[in-house]
Each structure stands twice: as C-alpha cells, then as structure tokens.
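In what follows, structures are represented as structure tokens.
The same chain A turns up in both complexes below, where it pairs with chain B and then with chain C.
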Partner chain A sequence: MESRLAIGKNVIRVDAHDKAAGRTKYNSDVTDPSLLHCKMIVSQYAHANIKSIDTSEAMTAPGVQRVITGEIAQGILTGTFVEDRPPLAIGKVRYHGEPIAVVIANTELEAKRGAELVKIEYEPLPVLNSPSDSMKPNAFLVHENLANYRKMKECTPQPGTNIANNVRIRKGDMIKGWEESEVIVEEYLYLPQADHIALETRSVKAEIKPDGNIIIHSSTQGPYIIRKKLSRHFNIDTGKITVHTPMVGGAFGGKAAVQLEMIAYLASKAVGGREVILINTREEDMISSPCRIGLEASVKLGATKDGKIKAAQITYLVDCGAYSDMGAVMTKSIASDCTGPYNIENVYCDSLCVYTNHPYVTSFRGFGHSEYTAAIERTIDKLAKALNMDKIQLRLKNIAIPGDTTPTCSTLTKSNIGDLKKCLETLKVKLKWEEGEKVDINKDTVKCKGISCFWKTSSTPPNAASGAIITFSPDGFAHLSIGAVELGQGTKTAMAQILAERLKVDIKRVKVSMEINTSDNPEHWKTVASSTTYMVGNAVIEAADDVICQIKDISAIVLRCSPKDLEVSGGKVFLIDNPEKWIDITEVVHGYKYPNGNSIGGQIIGRGSFIMKHLSGMDENTGRGNPGPLWTVGAQGVEVLFNKKEYSYKIINAVSVIDAGTIINPIVASGVTMGGMSMGLSLASREAFIYDNNGIILNPNLRSYKPIRVDEEPEYIIEFIETPEVDGPFGARGLGEHGLVGMPAALINCLSTAAEKDLNRFPLTPELIWKTK
Partner chain B sequence: MITFDFDYYRPDTIEEAINVYKKITGQEKKAIYYAGGTEIVSMSRVNQLSFDSVIDIKAIPECNVIETKDDKLIIGSAVCLTRICDFGGYPLLGAVCRRIAEHTARDMITLGGNILGKIQYKEAILPLLLTDSKVTVAGTAGKSEKPIDRIFNEKPLLNAGELLVNIIIDKKYINNPYSHSKKTKQEKIDYPLVTIASVKNDDEIRIGFSGLCVYPFRLDIIFGNIDNTNPESEINNILNRVPAPIVNDILGSAEYREFVTRNLLIDLFNYYGGMN
Partner chain C sequence: MIEFHDKSIIELYVNGDLKTVAARPADTLLFILRESLGLTGTKNSCGNGDCNSCTVLLDGWPVKSCLMLAVEAVGHEITTIEGLQDVPMQKAFVEKSAIQCGYCTPGMIINSHALTTIYPDASDEIIEEWLESNICRCTGYKEICEAVKSVINM
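Now for the complex of A and B:
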C-alpha cells in the first residue's frame, strides 16, 4: 500500500481547540437584544379534544407580542412519508407534550409568564398505549383522515387502521423453508420508546426579512431539508430561504427532524417577520420533540439440525407515536435489513409503522437497526440453545457473504459488504469466548458473556447528493466548503484528511468551513445515516481532482510542458521526470503573473459532487429493490458480573469488532464507536419512557430518566477490520451509528444466559430480570 | 427559569430570621427558610412551589457549626452533606450522606433541608432517628431542645416560623456497630428503592428504613431474636410492623421493594449474627 499522508492518521480534530477552550458557539449562544422569545404551551394529555384555548389574559400580559395557536397554520400538514402532523395541534392533541400554542414576548421571562396564563380546556379521550393495542380490530383511529393525507409514492398507509406504513418482504418459498426446517424457535420482544438526550437541546431562530427572504438558524442535522420543507409547506422559493447551522452539540438522529423550525417561522410571521428564538427546555426536548421508536417484534426461525437457517417469519410493529414522520421511513429500513446479517433464502416479513398516543419519533442512531437486531439476535441465541450448538458457530454458519442476497434480493459483493467472519473470529478472541459463556465467581456471582452480530446500510433516497467547493487563500491554504454538519462525530476532520491526502499537502494547510449557510455551502442531503464520509468524501475527492487538473493546466503553460507531465504534491507542481523543475502552487492558485505583469489563469475554484447510484425503491408486494449502497458489518459482545441473589449486574467489558473499510482517523473512529456502544448499553440497561395508563410520560426529565454515568461504564475494546469499499473515499465505509447497533442484543443475550431466563423486554433493570419467569 | 418574583433575605442571626419570617407572614405573604436550595429552585422552575420571600439561613453561625462538644456532636441545619462526609465524626451519618445524590449536589444539599424538605426519602434522618438525637428549634419564644421525633414523625412537625438550628447527637452511640445499605432501581446515584441503616445498641438492633414507605421510619428488634438458620419469621415480623403501605412507583413495584428489603434484612442478620 502506498504510504499515506493523512488517511489512517490520528489527526487532531479541527474543532478540538475551540471546544477544549469552551469557545465554540452553539446555536442559542448567539443572541441579540432585539430577538423576541417564544415559549410553547404543550399538551398535558396523551389524547384529548381541545375544547377551548383562552389566550386573552396572556395577550395582555407585560411584554407579550402575540400568542399563536394551530389555527395560524390551518390546513398545513407535515411529515416525511405521510403528511399527518400539524405544526401546532388543531382541535385535538394526540400525545403528551404535543405543542399547542406559542407565546411570543420581548424577553424569555415574559414569554414564560405569558405561557402560564394560557388556559386550555381539554376533553380527555381514551389512549392507545402500545402498537399491539393499536392493531386490535376494535381500536379507535389515531388519524381518522389517513386516507386523505398526502403521501410519498413509496409509502403504503392503510386507511381505516392505525398503520401508517406497511412494508412487505417476500423472499423465496416459505413452504419449502419450513419443510426443510427441523428445529423451529419463536421469540417475542418489546422495546419501549426512549430519547436521544443530546447535551444541547434543540433550538431555532427565525426571521422574515422585509424583502421576503427567510433566515433560519437551527441546531439541526438537516439544514437543507429545512429549506425544502419550509418551501413545500409555506410555498416559499427555496432560493429565498437561508438556513444557518453552527456546531451542533450532539444529535444522534434527533436533530434530523424538522419541527421547531416551522413553529418559529409561524411565530416570526405572526410578529411582522421580526426575529424570534425558540429553545427547548430539557423536558420539551424529551417529549414534545420527537424521540426514538418503540418496537414489538415477533420472530420465528427454522433451521436444519446442523444449524443452517432455512426460514424466517417476522413481524415488526414500530411504535411511531402519534405522527408517522421518520417512523414510516425506519419501518422500511428495518424491513430491508430485517434478518440481520444472515443468508436466509426464505423470508416473510411484515414491518408495520403503527400509530399510538405516544410522542412521535424520528431517526435515532442506528435507524431502527439496534431495535430489530435485539429481536433477531435473541432468537438466534434461542436457536443455538435448541440446537445445542455454540453461539458463534451457529452465526458463522449462517452469515451473509459475497454472492448471497439480502432480504430485498440485493446481491452482496466483495466490495459492498464487509467481512463478518473475520469480525466474529476476532470477537471470539477479544471476548475470551473460550473461557466459557458462564463462569461461577462465588456463591452469588456469575461472570457471563453475550454476543450479537449486526449489519446496516443507509436508507438514503436514491437521489441523495452532496457537493464540495475548494478555493485557495493567496498563501496556498485550501479552503473546503461542504454542507455536512459537525455534531461531534468528527466529520469536518475526516473531510480535511481526505482533502489533504488527495492534494498531498500537510493537513495544517487545509481549512474546512465549520458553520453551514445553505445559500453559500454546497448542499449535502442530511448529516445522517453514517453516510457523510461516503457521500461528501467522494465529492471532496472529485473537487480535489478538479483543482489538481486546473493547477496542472496553468502550470503546464508556465513550465512549457503537457499537464500530464506534472505532479502536484506538498504545495508544489513539478515535472515528474525532473522534480528539480517546479513552481509553488501559490504562484498559480490566484493566477500566474509573468515578470512583465502579464497574467493568466485567475483563481482556481474546485468543484465536486456526488450522487447515489443504482439505488431504487422497494417493491410494494415483495420488497425487492436496492435500498442502500453498502453494508457495514460487525460483531459485538459484553461481559457482565451478575448477582443471582439480587438480580443486579455490572457490565465489565464491551467489545466491538467492526468492518468499516479503511479507517480515516483511528482515534476518532474508536471514539465514535465507543460513544455508540455506551449509548446502546445505556438504552438496553436503563433508558426508556415510562407511560401510565393514560399515556402520560412519567419520567420526562433527567431526574427520573437516567442515562448511564461515567462510573458505570465498562472497559471498551474496539477493533476494526478494514475491507476496503471500492466506491468509498479511500475505501471507507459508514461507521457513525454502528457501535450502538448490536449492544442491546449482546446485553439481553448475556443476561438471559446469566439469569437462565428468557428475557424479552427492555430496559434490563434488575426488577425486570427478577420478575421474568 | 423561575417566573415569579420574590424577596431575598439573608439574616445574620437567628432572632433576625425569626423576626423577618414573622414580619412577612404578618403581611399575609408566604415565606420559606432557604439553605441549599436544590429542592426550592428545581420545584420553583416547574411551578410546583411558590412563595413571596426566601430567608437564607446560611449566614447564621449557629446553623453552620459542625463540632464535638463534651459528649455531643452538633451539626448545624445549614451544613451541607459534603462537609458531613468530610468531617467524619459520625461514620454512619457520613456513609448515609455519601450515597445521597452526587457530589455536586451534596455540596448544596443541607442536613436540615434533607430531613425537612418535600423529598420523601430523607435518608439523612435515619442515623439521627437511630441515635435518639435531639434538635434545637428556634421560634418567637426563643430556642428549645427537642427529641428529633418531635420535629419529624411521618411528616415534618415544625410550626410555621420555627427554624431548625442544629442537630445534637449523643456520642455514646457513635462508635456502636452499625450498617448501611442502599439499593436503587439501577443507578448508583438515584433515590432509594430501599435504604437501610442500623445501629446495634446492647441487646437491640435499631433499623431505619427509607424508600420502603412514603416516609422514613425506625423499627427496633431484639438481637437475640435473630436466627440465621431461619431468618424468615423475624423478617416477616419486621415487615408486619412496617407502618404504611410499601411504595409502588416508577422506581420499583411494591413486590420488588419487598424482595429487596428481604435480601437487605438477610444481609443485616448475617452481619450482626456474625458478631455472636
């Protein structure tokens, strides 16, 4: 392999200095005395008719400019696959925390005081508290008007039911599959909704300029999506909308949703276009803004006695909450990868997006994969037990390899899927599998191991695109303009490394645009789906090649040779056959000036773009299609000390072996993976919304909803297998989400072994283990 | 953000505090004594508490002492839990306080606030109940010393305007054998499912419970009744004497709390039984 300058190096992150010094400015850090402040009034019920909203007292309170309610956007419904959600509730609320009204006032204090004076009279309605309740034949409808909602082509809502999307996988011949199966196991798994808990809560500023231009500042993963959605719903030219996004303080998928932006736009419009700011409190961020899906899964697997899986029948009920938004898209994503990374010839899967009276959902790190993976991997463990077979051996026997097909009948190749066999074999060593799955430590304590495999592709639209522009400062620094958002994952650093590598310059001479302005930076679809390195990285490479080509063209004239005789490296352009003859790129990037003053060339501006190729939607009846470009695979494991007397446990080790192709920055890749693993273990062991019988969330704050603390973290062991992806920049695959995906599965498998119980619910609290029969 | 306005007073003496309280409430206004503020601030932010004035007692010297005097240990009501842990004069109290909240919060939470606030757990009161501690209370009629169960028994019993000045612990108990154990839903740092603190005093074992019921309480058992070969009957006896229904909430069901309590009591019996 050629020696590399920046790729594969532990480059210090380009955002590190400002962050370490506390100087990074996040969205709501930048304010202005002329801003008006918004405060939302949110629903106290999970399902109720709004009988009246009395804003009269609030309207006359000191400092209050306006109070807006859902009426201001009458007829506007928003969503991703199905447009079912009003920006503010009208006539009815469908979840606890749903925004109903907004007070706009001169100060934050006056807005909150005004909000306390808004009086809402509700008529409580019965609630649907789980997807299976919503699926019952006599269940009432969360959306009576489902038949009349606008929807995207690829989505199949079922009017007259609570099903917002119904994705089917029909692969192979199930009759044959069951006939060949000598052992059949079944599993049911329940996983409640949870929240992203990004450190920075969501916030937005909105202004309508006197000339009609719209300026939005948002803490978002999708500035370009905000532009599109505002345009679509409020009939504004996209060219008149500019979205600014500074550094984002954690997102995890939660900031890909467009919600507050619409409310803030309506608020600004109501006060003559003045700039308004809306900042979620932690409580609002947890339940009013969208959360993580819940899932009910039923999995049935059939296998031969020697462990070859022959048939899989699966039902996934996705709890999307009261509005479908990204829940409907995740339903599709779950279906497309529904079996996990196993080659199963006969697959029958119904993946349903089901309305309930819970908070609505949006993407969450893993995009549905960590949730269904827990169900699949739990069933695989059960199958291993039924077959009396080693759990790693059973997985090795069934893993998908090049030449196999996915549930959507996409063909796997040496390039588009990583090497899961190598991952599993490495996991076996790192987890010390040979020590035994379960070892007695003392009278009350056992040490136990549990494992999981996973795969994940992205569910991007087939035309998702990215761009990159390179300009130069007079001293030859390369300035890279991209549309990818920095949300802590290190994307700006990775892009700087890719550009430095391609231009063969020191990374210190590469500068990446940190903030995003949708009118100036080239569009990147959204910073989601672990696809930014792949998409934007490819655009950066194309832009770099364009720059190199232009530099060579001008230099060839100066050096009196053909461009193909030249090489650009280390900030110089030189003759390949005579490196003694060269010019510095600073002499050409802003035009070359001859001694007599004559000049040629002008500024060099590089452009690169990328669009997904060969992706297609899924067939409505069979699921056939090509929904994602490449699969990152991995094997994960945990080791816990379990107290048999108390049913309590301590996670001591967590291992991930992931084939992410070429690793751009090892230390950042480990950090991202470790963060994902921690999140997965936290979700699996403790995080969940707790609903009462009326659908009220009982723990919508960090006093009672407790993510894992640092002193409860295990040791993390992270290994990468690097099977290059041919289409990836320098062979890289997606990595951002994957550390999370198999962790809940590994933990539930581990604790099932430890407690000798068939655990099938999350979160895995000691009480749950104690209670499980 | 707290949306209501209120006046802030910081008296330097007990008398001043009592007088300010009297003056404010005489104007039909609501006043509350304030020390750490963890509960007052977080409840006020979400409008679960309101008042016209806070009277901050942190500047009153008597409320800030932590000292041993003759055969007494005296701790002011405004002393924060971190100071109690660091002081180390009463190991059981230190052990209990060290498991309340997290370090940053313990720097703010005061002993008086923990035992007289709205929080139902009041874990810091357990060692005080077990040692028949006394308290100094100040009111319009001056200061008086009372047994701790006169200011807290199922609920706080102070009269309006009365101020808890300090807690007086008899040192004769401080070196007795003791135990402390806290079980939570999952986290190390959380409210208790059940916290048990105990002290052995001659032939009796005094056991304090927090989390099991909506208020903390003390039960005494006879040391000789512990039979490690058959702990069940004594555990059943103890559970029959629990003075209120077992709590059933998002931290844990009543059945699970009972299970946890039974385990803790077996541990406790083994611990003291081993001293036989």
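Now for the complex of A and C:
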C-alpha cells in the first residue's frame, strides 16, 4: 500500500482544543438580553381531550408577550412519511409530554412563571400502552383521520387501524422453506422505549427579519432538512430560510427530528418576528421531544439438522408512539435488513409502525437495527441450542457473503459487504470462546459469554446528496466548506484528513468550516446513518481533484509545460520528471502575477458533489429494492460475571470486531465504537421509559433514568477488519452507529445462558432476570 | 419612578476577578455564571444535580453549580473552565482523545483537575469514585480515565 500522510493516522481532533478550554459555543450558549424566551406547557396526560385552555392570566403576567396554542397553526400537520402531527396539540393530546402551548416572555423566569398560569382542562381518555394493545381488533384509534393525512408514496398506512406503515418482505417460497426445515424455533421479544440523553438538550432560536427572511439557529443533525420542512409546512421559499448549526453536544439520532424549530418559528411569528429562544429542559428533552422506538418482535426460524437456515417468518411491531414521524421510516429500514446478516432464501416479514399513547420517536443510533438484532440473535441462539450446535459455528454456516442476496433481494458483492467471517473468527479469539461459554467461578458465580452478529446499511433516500467547496487563504491554507454537522463523531477531523491526503499537505494547513450556515455551506442531506464519511468524503475528494486540476492548469502556463507533466504535493507544484523545477501553490491559488504585473488565473475555488447511485425504494408487496450503497458488518460479544443467588451481574469484557473498511482515524474510530458499545450496554442493562397504566412516564429525569457511569464499565476490546469499499473515500465504510448495534443482543444472549432462562425483555435488570420463569 | 425588585447586588470572585452582579436569592450559581457573566463554558444538562456537566470549583473543590445558589458562593473563590488555562488535564484530554461532543468536557475536566490537585497520587478506586459523578454519553469513559491517570503519573 502507498504510504499515507493523513489517512489511517491518529490525528488529534480539530475541535478538541476549543472544547477542552470550554470555549466552544453550543446553540444555547447565548446571553443576548434582546432575546425573548419561550416556555412550553406540555400534556399531563397520555391521552385526553383538551376541553379548554385559559391563557388570560398568563397573558397579563409580568414580562409575558404572547401565549400561543395549537390554534395558531390550525390545519398544519407535520411528519416524515405520514403527516400526522400538529406542531402544538389541537383539541386532543396523544402522549404524556406533548407540547400544547407556549409562553413567550422577556426573560426565562417570566416565561416560566407565565407558563404556570396557563390553565388547561382535560378530559382523560383511555390509553394504548403497547403496540400489541394497539393491534387488538377492538382497539380505539389513536388517529381517526389516518385516511386523510398527506403521506409519501413509499408509505402504506392502514386507515381504520393503528398501523402508520406496513412494510412487507416476501422473498423466496415459504412453503418450500418450511418443508426443508427439520428444526423450527420461535421467539418473542419486548423492548420498551428509551431516550438518547444527549448531554446538550435540544434548543432553537428563531427570527423573522423585516424583509421576510427566516433565521433559525438549531442544535440539529439536519439543518438542511429544517429548511425544507419549514418551507413545506409554512409555505416559505427555501431561499429565504437560513439555518445555523454550531457544534452539537451529542445527538445519537435524536437531533435529526424537526420539532422545536416549528414551534419557535410560530412563536417568533406571534411576536412580530422578534428573535425567540426555546431550550428544552432535561424532562422535555426526554418525553416531549422524540425518543427511541419500542419493539415487539416475533421471530420463527427453520433450519436443516446440519444448521442451514431455510426459512424466516418475522413480525416487528414498532412502538412509534403517538405520531409516526421517523418511526415509519425506521419500520422500513428494519424490514430491509430484517434477518440480520444471514443468507436466508425464504423470508416473510411484516414490519409495522404502530401508534400508541407513548412519546413519539425518532431515529436512534442504529436506526432500528439494535432493536431487531436482539430478536434475531436471541432466536439464533435458541436455534443453536435446539440443534445442539456451537453458536459461532451456526452463525458461520449462515452468514451472508458476496453473491448472496439481502431480504430486499439486493445482491451482495465483495465490495458492498464486509468480511463477517473474519469478524466472527477474530471475535472467537478475542472473547476466548474456547474457554467455554459458561464457567463456574464459585458456588454462586458463573462467568458467561454471549455473542451477536450485525449488519447495517444506510437506508438513505435514493437521491441523498452532499457537496464540498475548497478555497485558499493567501498563504495557501486550504479552507473546506461542508454541510456535515459535528456531533462528537469526529466528522470535521475525518474530512480534514481526507482533504490533506488528497492535496498531499500537512493536516495543519487544512481548515474545515465548523459551524453550518445552510445559505453558505453546500448541502449535506443530514448528518445521520453513519453516511457522512462516505457521502461528504466523496464530495471532498472530488473538490480536491478539482483544485489540483486548476492548480496544474495555471502552473502549466507558468512552468511552460503540459498540466499532465505536473504533480501537486506539500504545497508545491513540481515537474514530475524534474522536481527541481517547481512553484509554490501560494503563487497560483489567488492568480499568478508575472514580474511585469500581468496576471492570469484568479482565485481557485474547488467544487465537489456526491449523490447516491443505484438506490431505489422498496416494492410495496415484496419489499424488493436497494436500500443502501453498502453494509457494515460486525461480530460482538460480552463476558459477564453472574451471581446465581442474587441475579446480579457485572459485565467484565465487551468485544467488537467490525469491518468498517479503511479506518480514517483509528483513535477516533475506536473511541466512537466504544461509546456505541457503552450506550448499547447501558440501554440493554438499565435504560427504559417506565409507563404507568395511564401511559404516564414515571422516570423522565436522570435521577431515576440512569445511564451507565464509569464504575460500571467493562474492559473494551475493539478490532477493525479493513475490507475496502470500492466507492468509499479511501475505502471507508460507515462506522458511527455500529458499536451499539449488537451489544443488547450479546448481553441478552449471555445472561440467558448465565441464568439458564429464556430472557426476552429489556432492560435486563436483576429483578427482571429473577422474575423470568 | 424607581421600582425595587427582589434582586440584590452581590460580589463573586470568579477566575481571579471580582465581579459584581445582580442576583435574585433563588438564582443558581450556574444561571448567574452563564447569563450574567457570559461564562457559558459551564454547561447545563439536567438542572437537577444528576450529571455534573455544571461542575465548577469552589475554593478548589468541585461543586454542582446547578444545585448551589449564587448568593452561597459569595466570599468563595470560584473557578470555571474558562479559569483553567492550559492546565495538564486539558492537554491530557486532548491528547488521549477523551473528548467527543465536548458537552460534558468542562465539567469532566474541572472535576478531574480538582481530583489530581487534591489527590496527586489518587488510586484507580479514588479516580473511579470521583468520576462516577459525571455522565458522558459519547465515550465509554476509558479515554477519560486514561487522561486522568496520565496526569497523575506525570
């Protein structure tokens, strides 16, 4: 392999110094006294008619400018696949925490005090507290008007039911599949909703300028999507909307949702366009803004006696909460990869997006994959037990390899799917599988191992696109303008590395735009789906090549040769056959000036763009289609010390072996993967919304909803297999989400072995393990 | 006509400077630091004392500024992240890749800096006990522990 300057190096993150100094500005780090402050009033019920809202007392409270309610946006419904959600509830609330009204006041305190004076009279209604309850024939409808909602073509809501989207996979011949199956196993799995808990809660500023231009500042993963949605719902030209996004304090999918932006826009409009700020409290961020899906899964697998899986019948009920938003999209993503990374010829899957009276959901790291993977991998373990086969052996026998097809009948190639066999074999060594799955440590304690495989593709829209622009400072620093948001995943650093590598310059001479301004930076679809390195990286390479071409063109005139005789490297342009002859790029990037003053060239501006290719929607009846350009695959495992008497456990080791293609920055890649693993173990072991019988969430705060802390962390072992992706920048694949995906599955498998029980619910608390029969 | 509100003028000694601010008795130290003094390096995340993102030093000891009233801080020496300039802990966090989104970082660095100042020879157990107070949602805490240990071993 050619030696590389920046790719594959442990480059220090370009945002690290400012962050360590506390000097990075996040969206709510503003102290402008001219801002008006918004405070939401949110529903105290999970399902109720709003009989009346009395804002009169609040309106006269000190400092209060306006109080707005749902009436202000009468007739406007928002959503992603199905437009079912009013920006503020009208007439009815459908989940605990749903925004109903907003008080706009001079200060935060006055807004809060005003909000306490808004009186809402409710008429409580019965609640649907799980997807299976919502699927019962006599269940009431969360949305009576489902038939009349606007929807996207690729979505199939079922009016008269609580199904917001119904995605079908019909692959092969199920009759043949069951006939060939000698062993059949079935599994049911339940996973409650949970939350992202990005440490920075969501916040928005909105202003309508006197000339009609709209300025939004948002802590978001999708500044360009906000522009589109505001345009669509409020009938504003996209050209008049500018969205600014600074550094984002964690997102994990949760900040891809567009919610507060619409509320803040309406608030600004109500006060004559003045700039308003709306910052979620932790409680609002957990339940009023969208959370992670819940899932009920039923999986049935059939296999031959020697362990070849022949048939899979799967039902996924996605708990999307009260509004479908990204839940309907994840339902599709789950269907497209529904079997996990296994080659199964006959697949029948119904993936249903089901309304309940829970908080509504949005994307969460893994986009539905960690949730369904737990169900599939639990069933695979069960199958191994039924076949009396080694769990790694059974997986090796069935993993998808080049030439196989996915559930949507996409053909896998050596490039678009990584090497899962190698991942599993490496996992086997790293997890010390040969020691035995279960070893007695003493009378009460056993040491157990559990494993999982996973795959994930991007599920991007077929026309998702990105851009990059390069300009130069007079002293030759390359300035890169991109639309990808820095959420902590290291995207700015990765893009700087890609550009430095392509221009063959020291990374210190590359500057990446840190904040996003949708009017100035070229659009990037959304910073989600582990697709930014792939998409923006390709645009950066194209822009770099454009720059190199322009530099060579001007230099060729100066050096009296053909552009093809030249090479650009280290900030210089050389004659390839005579490197003694060169000029510095600073002499050409802003135009070349001859000694007599004549000039040629002008400033060099590089442009690069990227759009997905060959992707397609899924067929309504069979699911056929191509959901993403590539799959990242991996194998993960955990090792646990389990106390048989107390049902308590300590996770001691967690292992990930992931084929992420070329690793751009090993230290960042491994840090992000470890963070994903930690989040996966935290979700699996302790995180869940606890609903009471009335659908009220009992733990919407970090006192009672407890993410993992340092003392509970295991040792992490992370290995990368690097099968290059032909179309990826320098061969890179997506990686941001994948550390999480198989972790819940590995833990539930491990603890099932340890406790000798068929665990099928999350979170895996000692109490749950003890209770399970 | 002049109207008197429930605000009082108080003096806070912050990052080596004496600052005069108007504060209500109920204003938290976090609120005054951010809103009145513009020291937005100190972060609000849970507002409930659960996550430690808002940690500042009071006479060298870490406190949760969301649970402390500004008036309680009068007469004490307050240090926020802006008051730490290139201390070894900041350098260690950068070099050990202990920073991702950066939102927990100020609280984490403040707490870690206090820890290594108060216990220059802290054992792994003491490090763990101190860092248990802080939530980081991005990392698996491993690089953060490495950063702290690297300062202790200096």
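Assume the second predicted complex is superposed on the first by the 772 of 773 C-alpha atoms of A that agree within 3 Å, B and C clash if a C-alpha of one lies under 4 Å from a C-alpha of the other, contacts with A are read in each partner's own complex, and residues count from 1 in each chain.
By definition in this document, contacts are C-beta pairs under 8 Å (C-beta built on N, C-alpha and C of every residue); 3 or more make two chains touch, one makes a residue touch a chain.
Bear in mind that the values here come from a model prediction, so they are computed numbers and not experimental data.
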item	value
Partner chain(s) touched by A:W770 [first = chain B, second = chain C, both, neither]	first
Touched partner set for A:D711, first chain B, second chain C, both or neither	both
Partner chain(s) touched by A:R23 [first = chain B, second = chain C, both, neither]	second
Touched partner set for A:D15, first chain B, second chain C, both or neither	second
Touched partner set for A:K112, first chain B, second chain C, both or neither	first
Partner chain in contact with A:A198 - chain B first, chain C second, else both or neither	second
Chain A residues touched by each partner, larger count belonging to chain B or chain C	C
Contacts of A:I611 with chain B and chain C, given as first, second, both or neither	neither
Residues of chain A contacting chain B in one complex and chain C in the other	108-109, 703, 709, 711
Footprint of chain A on chain C - complex, ascending	24, 34-36, 38, 40-48, 50-51, 53, 80-82, 84-85, 90-91, 93-95, 97, 99-106, 109, 128-129, 131-132, 134-145
Footprint of chain A on chain B - complex, ascending	1, 3, 42, 46-47, 183, 185-190, 250, 252-253, 256, 259-260, 263
In the complex with chain B, residue positions of chain A that touch it	108-109, 112-113, 116, 283, 645-646, 685-686, 690, 698-699, 703-704, 706, 709, 711-712, 763, 765-767, 770-771
Chain C-touching residues of chain A, taken from the complex the two chains share	10, 12-13, 15-17, 19-26, 28-31, 108-109, 196-201, 247-252, 281-282, 487-490, 667-668, 671-672, 674-675, 677-679, 701-703, 707, 709-711, 713, 716
